[in-house]
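What follows is chain A paired twice: with chain B in the first complex and chain C in the second.
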Partner chain A sequence: MNPGTTNLATFANGRALDLASIPTLGIAEFEQSILEGVSLGQRITALFATSAGSAEQTLLYAILSDDKQNRLYVGRTQVEGDQFPSLTPRCPQTHMFEREIAEQFGIKPIGHPWLKPVRYHRSWTCRDAWDRPPGEPIIPAVGDFFRVDGDEIHEVAVGPVHAGVIEPGHFRFQCHGEMVYHLEIALGYQHRGVERALLGGPTKRSIHYAETLAGDTTVAHATAYCQVVEALARCPKTARAQTLRAIALELERLANHVGDLGALAHDVGFLPTASYCGRIRGDILNMSALLCGNRFGRGMIRPGGVGFDADETRATELLRRLDDAEQDATVAVNLLWNTPSAMARFEDTGPLPLKIAAELGVVGPAARASGLMRDARHDQPSGLFRFVHIPVSTCETGDVFARAFIRWLEIQQSIEFVREQLRAIPAGSTMVSLNSLSPNCMAVALNEGWRGEVCHVAITDERGCFTRYKVVDPSFHNWIALAYALRNQAISDFPLCNKSFNLSYCGHDL
Partner chain B sequence: MINVILARLQQGHRTMKYPEGPSPPLPDRFRGRPAIEVAKCPDGCRTCAEVCPTQAITMTDKVLIDLGKCLFCTDCVNACPEQAISYTTDYRLAVRQRNDLVIDQAQQEMVLATALNTKLKKLFGRSLKLRQVSAGGCNACEADVNVLNTVGWDLSRFGIQFVASPRHADGLLITGPVTRNMELALQKTYDAVPDPKIVIAVGACAIAGGPYIDNEEINNGADAVVPVDLYIPGCPPHPLTILEGLLRLLGRLEDARHS
Partner chain C sequence: MIHVSLLLVLPPMLLGVINKTKAWFSGCVGPPLLQTYYDLAKLMRKSLVLSATTTWVFLAGPIVTLVTVVLAGLLVPVGRFDAPIVFSGDLILFAYLFGLARFFTTAAALDTGSAFEGMGAAREVTFACLSEPALFFALLVLVKVSGSLTLTGMLHGPAGGFSMAVAAPLVLVAMGLFVILLAETCRIPVDDPNTHLELTMIHEVMVLDHSGPLLGVVLYASALKMFVLGTVLLHVLAPFQTGQAWLDWPLFVLELLGLAVVIGVVESVMARLRMHHVPYLLTAAMLLCGFGFLLLLR
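So, the complex of A and B:
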């Protein structure tokens, strides 16, 4: 047992545990456990609040990942009244989590250095952390922004409606000439109330909420939802369903990574790779559609297993298309690496140093590009990844080049993985029926989506219904890293840096 | 440079022949327009209507499917005890009126979108510039709208382009249910488009709220905020469905006149 986290309960990804076995610590002890865990190299996977019965009481839950030991730790504390001490000054990766807790439950993290709303909605309780009058409309991005003052400093505001076909967000740059001194990102425009709507579930809509948390991450989010439900229902798993899920997840990664490489090429004006990768991405989406009828994997992942099977004929056709996509992608992407003018734009642009990436709790390809060995398929494996291991790829430079190159490394690993799995889909059933969910339990599921760790946490009440459902999209960890990477960069490089992270607005806004 | 040329030769010419030639092949499991064989329905059975996550199926004296609400999921198909409900591979789903998306399953006739009136067709028929507004969906509709700009679909060969500013646009293409947080931005963007202008709602969210229908954080679709001229259902709609709808609106499809 890790000496720093003896106060927290230990458990594993994809398991349910009785609420009674989660230790309720004093607030100081709770904080100390988190700080000690983080100092030992653990990271905060989720930090969230739930109502504790009376209006005056709120429970805070922390879930820490120990990636080296493949373990999770969980603990909680009870907050009385409308405030709690902020951890952010001592532990920057709690920054957005504490803002979220303040917004959802109206309790103030005292000492938080930048306490602003996250998604711009009314709190779920009768309190408001900013004491805004009840009738007053809450408009996103309205309020104070961090400002740099001085001669020749100017501010650039972009969004919510952008130039491209992309989601809405507001970006506020503090610039000196072309140079960005500071970028602040205000989101919330996509907030559609998913976490709140999941309360009381599962209902017939729950899986559809999961599938649309972030459309390009349908498979990873739906898988996490199903793993949470299956853990709570103590449901057995079939090898065939787990394999098909893993294939769908890697196809999702392939489509997005290939598309991103094309989009990165586009953002530096290198159109051959941009054109080819745009089309190849479509070919991979069509492979998902061959599997389940939908290019984004809708309908594929269902509680208890998968919605669609792949017989030998279908697997053979998928293999054939995978070979074609691999061949085309190899030519298209190598063209990019072999073009010095494109590489000159990628290298040293938007660097995110390893130390900062670790401090901010960055996940996914963005973390690995900065040298962090961090991949839920390897560190917290679930489903098929418990049995079949994909090597973790890392780079060191943390710049746009590294974030691009890591995708290419992962594309090659995923192609190999999908190929192997399609050749040997285990026999058996694709679906098992579910029991009702265990009451008074918590379950956590982590998955490595193509952007990084997708985390779902469900807590059930005495009837086995969701009394809290927490979703942490990888973008929730990573938006702040984009802001950091822009420091001392030319503002004209913003689109390129932004694309190199390619974060989700809807996944963040929920 | 030689590498660029060699790569170009390897990749080949990929733009599809559609609409002059055949449409691109759709997978066998593709979920196009759903259909219920009403004759197979047992008396009093309401199973499909009950499992539908968005109440897209209503059963009164008639059996109706609202394609605007439909998520094109498999819940009804899997629940039906008689296999009476299935998805056809008919990808043509775009309509001009919201009511035209409510299909009586006894007849299963669909009034597909007609072209713009003569004046608007003359203005936009060969050059339509659209500003896309993403207003609270899951980004899947945006992704499959974007696909139309890839070389396979090459939307610009029809004179249809997405422009950076509403001031440069002839209309809006809206995705997402229009969250409360995007309502003002959408209204302002709409106001900034010069008249005459058109609005296209793409996807279940933009038509009726999608899976978030009736959540207090959203409007139930774009037409709660701005008038809509073309509805393209799906969750998300296939790029072919979107393209077919756009071409229909511009009178660029032969059969647009007859349907």
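So, the complex of A and C:
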């Protein structure tokens, strides 16, 4: 047992926990536990609020993950009234979580250094943390922005409509000539209210909400959703379904990583890699389509198992296509590493130091590029990853090159993994029927999507329906890292830095 | 007559050839050779959207640019034939016509009041500070070599062609001019004509607000600019002639298309420079042309 977290309940990824066994701490003790955990190298996976019956009471839940010991810790506290002390000045990781809590439940984190809405929607309760009148429309990116003063400082505002066909987001740069002093990112244009739509579930629609949380992370989000439901239903898992899920997840990673390398090459104007990688990404997406009929893996992951089985001929065909894709990708990507003019653009651009990455709680390839050993497939394994380990790849420099190179390392690992699994898919059924969900429980599922850790938390009421469903997309952790990485960089390198993180707007906006 | 029609008709073809070359390198079919003509026809038919904050300067930008570039084109001898307009010292007019075009393009960009366009204008003039001296050094070398003060005279060289003794400075000048050509026509490694990322562009970002026919004029003028500068470079690089008019014209056109292929290859095999490295490249171009001049003064 970890000395710092004795007062939090211990459990593991993909398990359900009786609500009664989660300790309710005093607010000071709650904060102390979080701070101690973080000082011991744990990380805040989720920090969220639920309503506690009466309008004056709100419950705060914190889920910490101890990556070294494969453990999760959970604790909660009850907030009375409309405010609670902010942790952000002492623990920067909570910055966005507290803003989100303030927005959703209208309670103010007192002492928060930069309290702004996250997604610009109305609060779910009758309170509003900014005391905005109920009739007034709330428009994203309207309000205060951090400003740098001075005659030679100029402000550049980009978005929400961009020159390319991408998702909407607003970026505000404080520049001195070509150099960026500060970047502030305002999102929320893609807010659809998925967390609220999932309340009262699971229903027929729930899985589709999960699949469309972020279109490019369909498999990871759907898997996390299914793991939460399966944990609450305490259903057995079949080896065949777990293997097919892992294959689908790695195919998703492959397609996105290859596409990202192509997009990075495109951003520096290096055409050969850009167009070949674009084509190879399509080939890999078509492999997902061969598996389940959809290029983005929709319909593949279903509660209780998988929606589609892969027979012998299909596995053979996938193996053949995988070999082709590997061969093509190796040529195209090595061409990128061997082009000095492209490397000159990648190296030393947008560095994110290890210390900052750890403080901000960055996840996924961006964290590993800065040297953090952080990979949910390794630290908090679930499904097949409990039995088959994929080595964690890390770099040290934390610049665009590191973030690109990590992707290439992971592509190679994933190809090897998929090949191995396709050759020996265990026999058995692909689907088990689900029982009804356990009442008054909480379940947490962590999954390493291609962009980083995908976290789903569900809490059920006495009937076994969701009373709270929390989704933390990796983008939610990482947008602030992009803003940091751009400090003292040339503004013309922003698109390149942005692409090296390649964060999701809709995954953040939910 | 042939001069004027080539000047007006051929330039969009160069962009088509560049794009085909790039497409070949990246393993795709690419847009048709004549795509730029289709684009121009399409843009000319479209209606114009004008920002409420702009004034006549915004309209004047593309039009003045087009007029100046056409004028500059009339000063340059195309192929082995004299330019339609020849007078002593026309090289100064030639250089300043480009300066005027740049002034109006940047003024039109500033006129929109957009942060991006201001940034683009700042980059354009900063880099022009380096590419203009390079162009002057190149012209100076040619004046010195040929002993003529007209563009036609200096680009054709002395009767009987350039002597071997001036080969070294001419090679340096050709290299310098090639960099100037890439920079002035916004090609990789200086600028990326394909990108639509508003924060990284130089020339493209200045014309973001132009639409319809005005954008068509901008596109056409930049193709013309490539034609004119390419012609200047070819005179230095490949002053071949057969002496027979019916052979010389096709030869020149082939040379020009060959140059477009070379630009396409350069764009395909290298990435764009980091923005703050662009001045190094342009300084190198200036030094190349400058050393060419020094060599002549030995």
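One rule holds for everything that comes next: the second predicted complex is superposed on the first by the 510 of 510 C-alpha atoms of A that agree within 3 Å, B and C clash if a C-alpha of one lies under 4 Å from a C-alpha of the other, contacts with A are read in each partner's own complex, and residues count from 1 in each chain.
Quick note on the criterion: a contact is a pair of C-beta atoms (placed from the backbone, for glycine too) under 8 Å apart; a residue touches a chain by one contact, two chains touch by 3 or more.
Just so it is clear, the structure is predicted and the values come from calculations on it, not from any experiment.
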Contacts of A:Ala157 with chain B and chain C, given as first, second, both or neither: second
Partner chain(s) touched by A:Tyr276 [first = chain B, second = chain C, both, neither]: both
Partner chain in contact with A:Val142 - chain B first, chain C second, else both or neither: neither
Chain B versus chain C as contact partner of A:Arg192, first or second or both or neither: first
First, second, both or neither for A:His121, with chain B first and chain C second: first
Touching partner for A:Val268 - first (chain B), second (chain C), both, neither: second
Chain A: partner with more touched residues, chain B or chain C: B
Contacts of A:Ala28 with chain B and chain C, given as first, second, both or neither: neither
Touching partner for A:Asn294 - first (chain B), second (chain C), both, neither: first
Common interface positions of chain A, toward chain B and toward chain C: 163-164, 272, 275-276, 279, 339
Contacting residues of chain C [partner chain A, same complex]: 22, 25-28, 115-116, 118-119, 122-123, 188-189, 192, 194-200, 208, 267-277
Chain A residues within the chain C interface of the complex: 154-158, 162-164, 177-178, 265, 267-272, 274-276, 279, 339, 341-342, 344-345, 349, 490-496
Touching residues (chain side chain A, partner chain B) in the complex: 119-121, 139-140, 160-161, 163-168, 188-194, 196-197, 204-205, 208-209, 211-216, 218, 272, 275-276, 278-279, 281-282, 285-286, 289-296, 298-299, 307-308, 328, 331-332, 335, 338-339, 504-506
For the chain B and chain A complex, residues of the former touching the latter: 3-4, 7-8, 10-11, 14, 26-27, 29-31, 51-54, 71-75, 78, 87, 131-147, 149-152, 162, 164-166, 176-177, 179, 181-182, 184-185, 189, 210-212, 215-218, 235-236, 238-239
